[in-house]
Amino acid sequence: MRKALCITLVLIAFPVAMQWLGYLFYVSFASRVMIYAIAATSLNLVLGYGGMLSFGHAAFVGAGAYVASILVAEGVASAWIGWPAAVAASALLAWVIGAISLRTRGVYFIMITLAVAQMMFYLVNSMKAYGGDEGLTLPRRAELGLGLDLGDEVVFYYVVLFVLLAALYALHRVVHSRFGRVMIAIRENGARVEALGLPVYRYQLLCFVIAGAAGGLAGALLASHGKYVNPNVLHWLQSGTLMIMVILGGVGHLWGGAIGAAVLLGLEHVIADYPLPWLAQVAPNYQQHASLGVGIVLLVIVLFAPQGIAGLISRRKNA
Amino acid sequence: MRFGLPGAIVAAALTALLPSGGQAADRIKVGFISTLSGPSAALGIDIRDGFQLAVKMAGGKMGGLPAEVLVGDDQFKPEVGRQLAEKNVRLDKVNFLTGMVFSNIMLASVPVAFENKIIYVSPNAAPSPFAGKQCNPYLFVASWPNDAYHEAAGQHATNRGYKSAYLIAPNYQAGKDSLTGFKRFYKGTVAAEVYTQLGQLDYSAELAQVRAAKPDALYIFLPGGMGINFIKQFVAAGLSKDVPLIVPGFGSDQDIIRPVGDAMLGLFDTAHWAPDFDNAANRRFVAAFEKEYKRIPSVFAAQGYDAALLIDAAVRDVKGKVEDVEAVRKAMKAARFESVRGAFKFNRNQMPIQNYYLRVVAKDGQGRLINKTIGTIFKDHGDAYVQECEMK
Amino acid sequence: MSWILILEQSLNGLQFGLMLFLLAAGLTLVFGIMDMINLAHGSLYMLGAFLASTFIELTGSFLAGVLLAIAATAVLGMLLEVSILRTLYARDHLSQVLATFALILIINELVRLVWGSDAALAMPAALSGPVELLPGLRYPSYRLVIIGVGLAVALLLYVLVTKTRIGMLVRAGASNREMALAMGVDIKTLFTLVFGVGAALCALAGSMLAPLLAVQVGMGENILILAFVVIVIGGIGSIRGALVGAVLVGVVDTIGRAFLPILLGAFFQPRVASAAGPALASVMIYLIMAVVLYFRPQGLFPARG
């Protein structure tokens, strides 16, 4: 709890420091990291706590992003309409996809989530009215009213921070509730829970919908942040990226999604923008091959440290 | 708090990593974003090489000031291009942005520059919305308006008396512009208007349709890797003997000639430039390019070169005071430089007014495949959208 | 709408389907026998194409280059299996998915380091022209060769799996792994061999398709999803299922992409029809998969008894 408080204080102080130093770019970057943290946390609910290997999570983030963007593009600038609409749309989508996929098991579940996500990708790609492959550029960010100008990087940052903290707190409450305990039990041994008389399918579906809705909120924030959305946000490789974040950070740990998003995006930026001369001598052009490092780290984690960074931290604490 | 000493060290290290804040206005920073990987990489590479050649020939300077060109690869993905543009504009604080090959990447990326009053000099794509209603004071086009080559091709097809034409283009803004442009000047019947997927590589289905339709001519706009594959498959299906093919200049330039080879001989195309133009600037450019890169420059390389010369002239005319963006704009609009295409002047919408020529793929004195000029199709041709532009 | 057009499009669909079969066959065997989801299967396809481009350049012969690429990819595949993938058999599906996804990233970057983002692979000159199948139908000879090779490999695999001892072991492992182990089958070597064959098939598809399409980093990911759809439709562990599924998917996709835009063009603008056509064709394939899963959850030709 104390650690959480410390981190929160740092996060609150961060944009003030950056603005004073003149690096507004990093405030924008940090907002992006936090949005991905929200998306990864939503996947963590379904993957880490629910044990459901959904490869189509990008579809919910993308659906939220597109619904929010289309509304702004059509002139409905208010975030009070746009963002809840995005959440509702993703929740509905998650309900439909979950209802179909959760009837299946194992690889078929993975395949169906993957296939439906790809279907959404192709459908959105063919919507020429909203940019299709070129994507949709928005004239402005959504408007929150209340005297808050979301166009201001610092204000936007605090809004995103608020949502992230709320999401983490919500996850904390869910996990420690009866619902959460049942989900973890289902993850460990679904058959036993079924035998105990609990409706496993309904619990899983509810979990799926909550995660989808949260993913949709992340998508709406993402669209507002970049003022741009394109079908690639729905692609299954994006689902893979979210999964990497969750695994890296620690699947099934509260902070897993957030840590993973911060580490992955942070590393990408550092490698791309801060050349290390000594490394460039050994491996020229190493900056263009950052994914190699990501892949190796991921492989090592899966093989040897499946609990991710959060797992390593808690192991060291308990040692 | 448990951070203490380790925390202080981390904070200090992070601060050391931060880039040096405001940079001195004694150098020109140009953000160059282009497609440098994938099947269409040859286009971005040509533009980059042409651009960097101009800078090198000026001693590493633009307008008399040392120039730093930050090259980034958009990987043919609009969101990557956009992120690079954000970084260039917000973090690197460039004075100019340039380089993009494809319209979809440009449409996603340039709004960032425009919002921050950074001038984008286009060495290639110039989608029709920017020529008309969305014309922007911070956009300067060093190449041509998107429709131009296609309008010239349509005129050529009319001149040749082809009664029916089958049209194929990729399904994105530039593709739409291309066929609209062709139809504007083609007076025959359009047998079919087919849009393929951007980046599509297998055209067996489309070629079967062409065979069944038996048109008088086939017009395709398929730049980069798409064109290479289409023409190879077109020849393999035996259609090259049945149906005359017309392409815009970027459908038959060096990047496609190299992989396809002799099957390109005799192909007619339209462009604003050819390597055999006889003016001093061009002769110098072609000789320097062949010496430096050991290959014949394509129209993309010529555009990249001209884009650099345009920026150089503008910086020179404001005597290096690039902070005054309005002055830079005025200087750029005057375009006082010697373009490899001959005379250069801007229209009201900051896109060029120029001639367009008919070219054919033939062998030069050394037996290499090259585009030769054989006639003029349009003189002092602007574009169809300029009336909708409200700029002065 | 002429017969020639329909025939030509059908041939195109068959060609695409047979290449998909080469990928799906290896994938279904690995999944069926080793119960492992291997996302890196598409990377072997890509490796085959890149290796082929190098070997063809070195030897000057298309055939030699392709054969060498197949052999090299098979060896690399088996090395991969023995070193990394073996540890994943006992793990859960999530770990397998993540580890093989990591392999995709690693192999993509290694290829980029060695070759760059793409390589050139030209069609053999002798095959770059058409063959007159019917008066009025000059079909590219190279595509005919692909169809021929695909059918030959299908026949070869059929003979291998049904008429040889190894094939019998493979079928036994696919239908009941524990029993096969209990009966004393040398499971480790069998797995490595199966993986090697799967890699070889991928390399064959990759190097044959390369002159038609493009050799580029990331080419595996695009076709991987379709391969998974094919094995789900066909039935995991069944080669016969992979063939039927692949040809079905190939034909539906090609005919859909070819004729749907025309059909839609009657109601919509060309740009919309052209975009909606391929999207609908893809959607149709996923719908077929959903329908098959609903009525026959084990696929059309389930291997598990």
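The first chain written gets the first letter, and so on, giving A, B and C; residue counts start at 1 in each chain.
Please note the rule applied: a contact is a pair of C-beta atoms (placed from the backbone, for glycine too) under 8 Å apart; a residue touches a chain by one contact, two chains touch by 3 or more.
If you're wondering where the values come from, they're calculated on a predicted model, not measured in any experiment.
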| item | value |
| --- | --- |
| Path length in the contact graph (chain B to chain C, fewest steps) | 1 |
| Interface with more contacting C-beta pairs, comparing A-C to A-B | A-C |
| Between chain A and chain B, centroid-to-centroid distance (C-alpha), Å | 36 |
| Whole-Å separation of chain centres (CA-atom averages), chain A against chain C | 32 |
| Residues of chain A touching at least two other chains | 128, 132, 288 |
| Multi-chain contact sites of chain C, meaning residues that touch two or more partners | 271, 275, 278 |
| Touching two or more other chains - residues of chain B | 171 |
| Contact set on chain A toward chain C in their complex | 47, 53, 55, 100, 104, 106-108, 110-112, 114-116, 118-119, 122-123, 125-128, 132, 236-237, 240, 243-244, 247, 288-289, 291-292, 294-296, 298-299, 302-303, 306 |
| Parts of chain A lying in touch with chain B, wherever the complex brings them together | 3, 6, 21-25, 28, 128, 132-135, 137, 226-228, 230, 232-233, 270, 273-274, 288 |
| Of all residues in chain C, those that touch chain B in their complex | 2, 4-5, 8-9, 12, 15-16, 116-118, 120, 122-123, 128-130, 137-143, 211-214, 216-217, 254, 257-258, 261-262, 270-271, 274-275, 278 |
| Chain A-touching residues of chain C, taken from the complex the two chains share | 31, 37, 84, 87, 93-95, 97-99, 101-106, 108-110, 112-113, 221, 225, 228-229, 232, 236, 271-272, 275-276, 278-279, 282-283, 286, 289-290, 293, 297 |
| Interfacial residue positions of chain B with respect to chain A in the complex | 1-3, 17-18, 21-22, 73, 77-79, 82, 86-87, 90-91, 103-104, 107-108, 111, 171-173, 198 |
